[in-house]
Amino acid sequence: MYFASDNAGPAHPKVMEALVAANDGYAMGYGADDIMGDVRARIREVFEAPDAMVHLVATGTAANSILLATMAQPWETIFCSPMAHIHEDECNAPEFYSGAKLSLVPAENAKITPAALRASLEAEQTRGVHGPQRGPLSITQITEKGTVYSVDEIAALTTVAREFGITTHLDGARFANALVSLDCTPAEMTWKAGVDAVSFGGTKNGLLGVEACILFNPDLAWEFELRRKRGGHLFSKHRYLSAQMQAYLADDLWLDMARAANAACARLTEGLRQSNTVELAYQPQGNVIFFSAPRALHQRMLDAGATYYVMGGDVTKGDTDERLTGRLVCDWSMTDAGVDSFLALLHG
Amino acid sequence: MYFASDNAGPAHPKVMEALVAANDGYAMGYGADDIMGDVRARIREVFEAPDAMVHLVATGTAANSILLATMAQPWETIFCSPMAHIHEDECNAPEFYSGAKLSLVPAENAKITPAALRASLEAEQTRGVHGPQRGPLSITQITEKGTVYSVDEIAALTTVAREFGITTHLDGARFANALVSLDCTPAEMTWKAGVDAVSFGGTKNGLLGVEACILFNPDLAWEFELRRKRGGHLFSKHRYLSAQMQAYLADDLWLDMARAANAACARLTEGLRQSNTVELAYQPQGNVIFFSAPRALHQRMLDAGATYYVMGGDVTKGDTDERLTGRLVCDWSMTDAGVDSFLALLHG
Amino acid sequence: MYFASDNAGPAHPKVMEALVAANDGYAMGYGADDIMGDVRARIREVFEAPDAMVHLVATGTAANSILLATMAQPWETIFCSPMAHIHEDECNAPEFYSGAKLSLVPAENAKITPAALRASLEAEQTRGVHGPQRGPLSITQITEKGTVYSVDEIAALTTVAREFGITTHLDGARFANALVSLDCTPAEMTWKAGVDAVSFGGTKNGLLGVEACILFNPDLAWEFELRRKRGGHLFSKHRYLSAQMQAYLADDLWLDMARAANAACARLTEGLRQSNTVELAYQPQGNVIFFSAPRALHQRMLDAGATYYVMGGDVTKGDTDERLTGRLVCDWSMTDAGVDSFLALLHG
Amino acid sequence: MYFASDNAGPAHPKVMEALVAANDGYAMGYGADDIMGDVRARIREVFEAPDAMVHLVATGTAANSILLATMAQPWETIFCSPMAHIHEDECNAPEFYSGAKLSLVPAENAKITPAALRASLEAEQTRGVHGPQRGPLSITQITEKGTVYSVDEIAALTTVAREFGITTHLDGARFANALVSLDCTPAEMTWKAGVDAVSFGGTKNGLLGVEACILFNPDLAWEFELRRKRGGHLFSKHRYLSAQMQAYLADDLWLDMARAANAACARLTEGLRQSNTVELAYQPQGNVIFFSAPRALHQRMLDAGATYYVMGGDVTKGDTDERLTGRLVCDWSMTDAGVDSFLALLHG
């Protein structure tokens, strides 16, 4: 009953096997390993983007920050939702790398709407040199609250962005979960919908720690490399990143793992809907659920061994009827038994 | 005959085993994993430093940069040798993280001398608010040229540093190679000799990619953690870093690997000394050799399959008698056969 | 009828005289001039703060940014209102100097309320190392919208701030206008009400370009000096800054100028209240007025030679009945005749 | 006998008059004042550069840092001499603004030679992404030691720079002193000799505090403006900067002042050459002299009221015969009587 985070689960055994297999003899460092050549080709194929820049880093914060630093100028502001990971959970890393600031665009269901984006863009930069200038848009897919932008919704946002001359970054820490939820192609969810850059996450979906950074227009590829190195994110023994990503993409392992996580989440969602005391805060479309429940219920679940985060208050103290929000995340290794145990406990 | 770098060799099989073993079920992220608790205790034990701050990152540049940023202020200058990795090979990362600049202290045998340090320190900060202020000293052990500071030499430097009120960082990317070369304890080579902070490298000595950051005075531990996160260097699935370091320290694996690398290097050095055409640029004391040889010799070796870097000129073009400098690095997996093949080729 | 900004008016003749008088022979540079000694003593006297750090810079953005950088850490967030000059009109300078980000606290009448501050502080930093940490509060007095915090309101905010262990900065670009509005002492409006640092503005109130930076606790005075120099804001011929500030404080010139500006503003406000078509957006308490009026009225005023900013739309295009917001600012040199001309035009 | 610095002397009376004249009524802020339009046109005319970007700041450190930040990338290194003001006397400001580091090119007579520049450029960036990339060259004219690059020497340096694809910045804090020394045109000393950007100093030559920033290729003009604002260096009451520069350029006042300073320096140099005890450290070509003399002599001069800096030791303590280096700087207001008093004292 471990629903604390999809970064708490194990890596897939096939990934571990690939890692061990890669550990053979000498290999060129710093991304010049043979495996990386294959990974780059494979990602370009998957994204139908033969010219795209593809580089690997080991953390999602690094992927987002270095991509955004490459896209934004230090006197600009990056548009994102108030729940954005880059705003809430990266301890100023995007600002550190880019020098830019963040402008929070109001969101519905954790998703920025075209109207809200337009209003925020219009509100900025009416002050010439005095205010920050308009920088890139960054959206998260699936969102931090477990909802998913449709392809049309993404396209509507990038259309507004382009109208104002700005580019779009997609934080795909849970890219695969969105993809299988939408049942579309990577190209459809990204560049065909107007997205310019992607943090293509693997860590939350069965890898040890690898994210691919993709720029569909490779003009700034060398700048990206220099920024990665300057941030200390270029790995000498790079083959161990490459090998993970190679295994991830082989035989659609990444999609299988995302499907498993989403299925577990759907089963869990269905069970939660049966409850009279529990209320879903958002309609889960990927592998993340937010729900409210009385403090007493949370306390009972946690005491019984369920593991998940409860927001906004101490579970052990205060009015037992007060409703607090819990977050449940399913990783690729979550089993039906795990879900059912949780639900049995809930309903029991 | 692969002598290009100690980061081109494989990780030790025991490390891979530990990684696989750690991949079991759920584990707390971000350094709260159980293995990390053990690693922290073990490093404190190894360094006889029960209060020391111990955190892990995945690259040497990150270790150096985040430690130096914690030790230096943005208006200071960091004292290092002109060959320092932080100066030559980190693409401004130490400056990026710290805001400080670097002052190059002339070195002999790639080692800063107390007299040179004193002169550099006296030369700085005679201009009040106008010049940069004196920041920490950073030394590399073993040095970038393969030489080793004796414990007394380190103590002599830190004595000067402390006289000027500054702290000392030790870039120990090849810490183990130095330790077995000096046959002293980690404590003797660091805090007992006046060192305040250590980048305790594992990547070049048989790990996939882990460095421990050690601050003997833990007052700035929380600042370090925030700087690590802000740099994107906090790993969610942290157990995979912890597991590597745990295996590294178990049963003195780290020392065994360093001894193997140094022994291969000694064997290679001995062979080079037999040659009339080759000249050692420095007296190798660890696992790194710099030697000069005529261009024609380098070309012959490389053509025959030896792999190593040649500095300062194109091997394939120019006067065949011109002497160019080559660098040979032995990693833990280098075999006697590999060394002997190289020497046979050289003398053949 | 020039109401565009209080930084568009002339400096007071006495200030010019002081500048000319200071231009005699040689003087020590970089703040070591004799006049600065007197200025420092005088400001400490005015603020009843004998130990306070007092330094001068030439722009308000520099004053705010260097003070905030001294007060905040790069991994923190600074709390301010959504209308704050540091957020809207300094092109990321506070972020550039400090490395911190800004958190926008909802404001009423452009003033942060204790409840809103508490909510924002509670919302931040519940995520440990992942989120930004709580940094200083920055309030603007008079606010960007022309309202004034009472002494009690300031004290209520700093009480909340101190409860959370954070310090308070007061952006006093129009400090004098607030002081004469409240009819209190500088000490009462600042440190006695819990304020830790002040940007004590002179530029908008009759100087050519000088702001004093005050830290009531001088522990970080040397850091401030280094940050000022590192930002290029230490003047070699510093006497010309000192002389302005000396003249400003002599014989209460600063208060006289603020009273004149506020009086002109009050006269203007009274006239606006007589109009049926014009509506005050805020209750003006200093020298700044925001009012709404139909586009047609703005266009008529501007065509007739009134000079002021109209926000949120093009005055020359669009529905003539649409209400747009105009801003009127009175500087110390605004005359009754100027005000009356404007009002005559409005009512005519 | 005040020879401490050319920033200790007064501003020229004509400059003060211009300042007072500019203080009339309302004027647009932030560089939109009418005087600035004239200044821009005049500087373009003086430099025969009709398209050049021209902006004003108030300090030399700001001029150098913002120009270099516009020219350099954060992963680059800026080439300058070890005596460069940007290296020694700006407390990391160039690094702060640009993110780049500085590479020190050995200098002769405080001037970088083409051979030394070439060697430094070749030494950098042979390490691909690992080392810093080659950034702009920055030279100082007149140099910090009082020597002057000939036009041919400048051209030889920029030729090397362009060969490596880098641009050249000229720190002209004492631009006018060099110009009258060389008796050439501003265009000849700058863009015709391959210089791309100039810090055109006025502060050390009779202004209160104004430097013009010139980019001959205006492509990055808007970036410069944003960087200036972001650094807090955009003046609201900009007319007071404009008025100084307008007076500076009117009727060749700037050249007259530089000629006066250089003439005083020449008279002083001639007198020093008569002395047996004093030795010139460099051949003075502008308004700055470095000379060595026994400690006892320095002490006698300073005790008698001469004011200047002595480097490298305490004048009041130590061997009276030890030779210490003194620096004498003449500003535009230095009189023959002042020089003669100094020389009489020296020889007396």
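Chains: A, B, C and D, in written order; residue numbering restarts at 1 for each.
FYI, a contact is a pair of C-beta atoms (placed from the backbone, for glycine too) under 8 Å apart; a residue touches a chain by one contact, two chains touch by 3 or more.
This structure is a prediction, so every number in the text was calculated from the model and none was measured.
Taken over every residue number at the interface, the positions common to subunit B and subunit C amount to over half, indicating a same-residue contact. Across the assembly, the mean Cα position most removed from that of subunit B is the one of C. Averaged C-alpha coordinates put the centre of subunit A at 41 Å from the centre of subunit C. Subunit A and subunit D have Cα centroids separated by 51 Å.
Distance between subunit C and subunit D, defined via averaged C-alpha coordinates, is recorded as 34 Å.
Within subunit C, residues 74-75, 90-92, 96, 129-130, 133, 226, 229-230, 234 each touch two or more of the remaining chains. The touching residues of subunit D, when paired with subunit A in their complex, are 30, 73-75, 129-130, 133, 223, 225-227, 229-230, 234. Contact residues on subunit B toward subunit A in their complex (touch as defined above): 2, 4-5, 7-11, 13, 16, 19-20, 23-29, 57-62, 65-66, 90-93, 96-97, 203-204, 208-209, 226, 229-237, 240, 307. On the side of subunit A, the complex with subunit C involves touching residues 74-77, 88-92, 95-96, 99-102, 104, 126-127, 129-133, 311.
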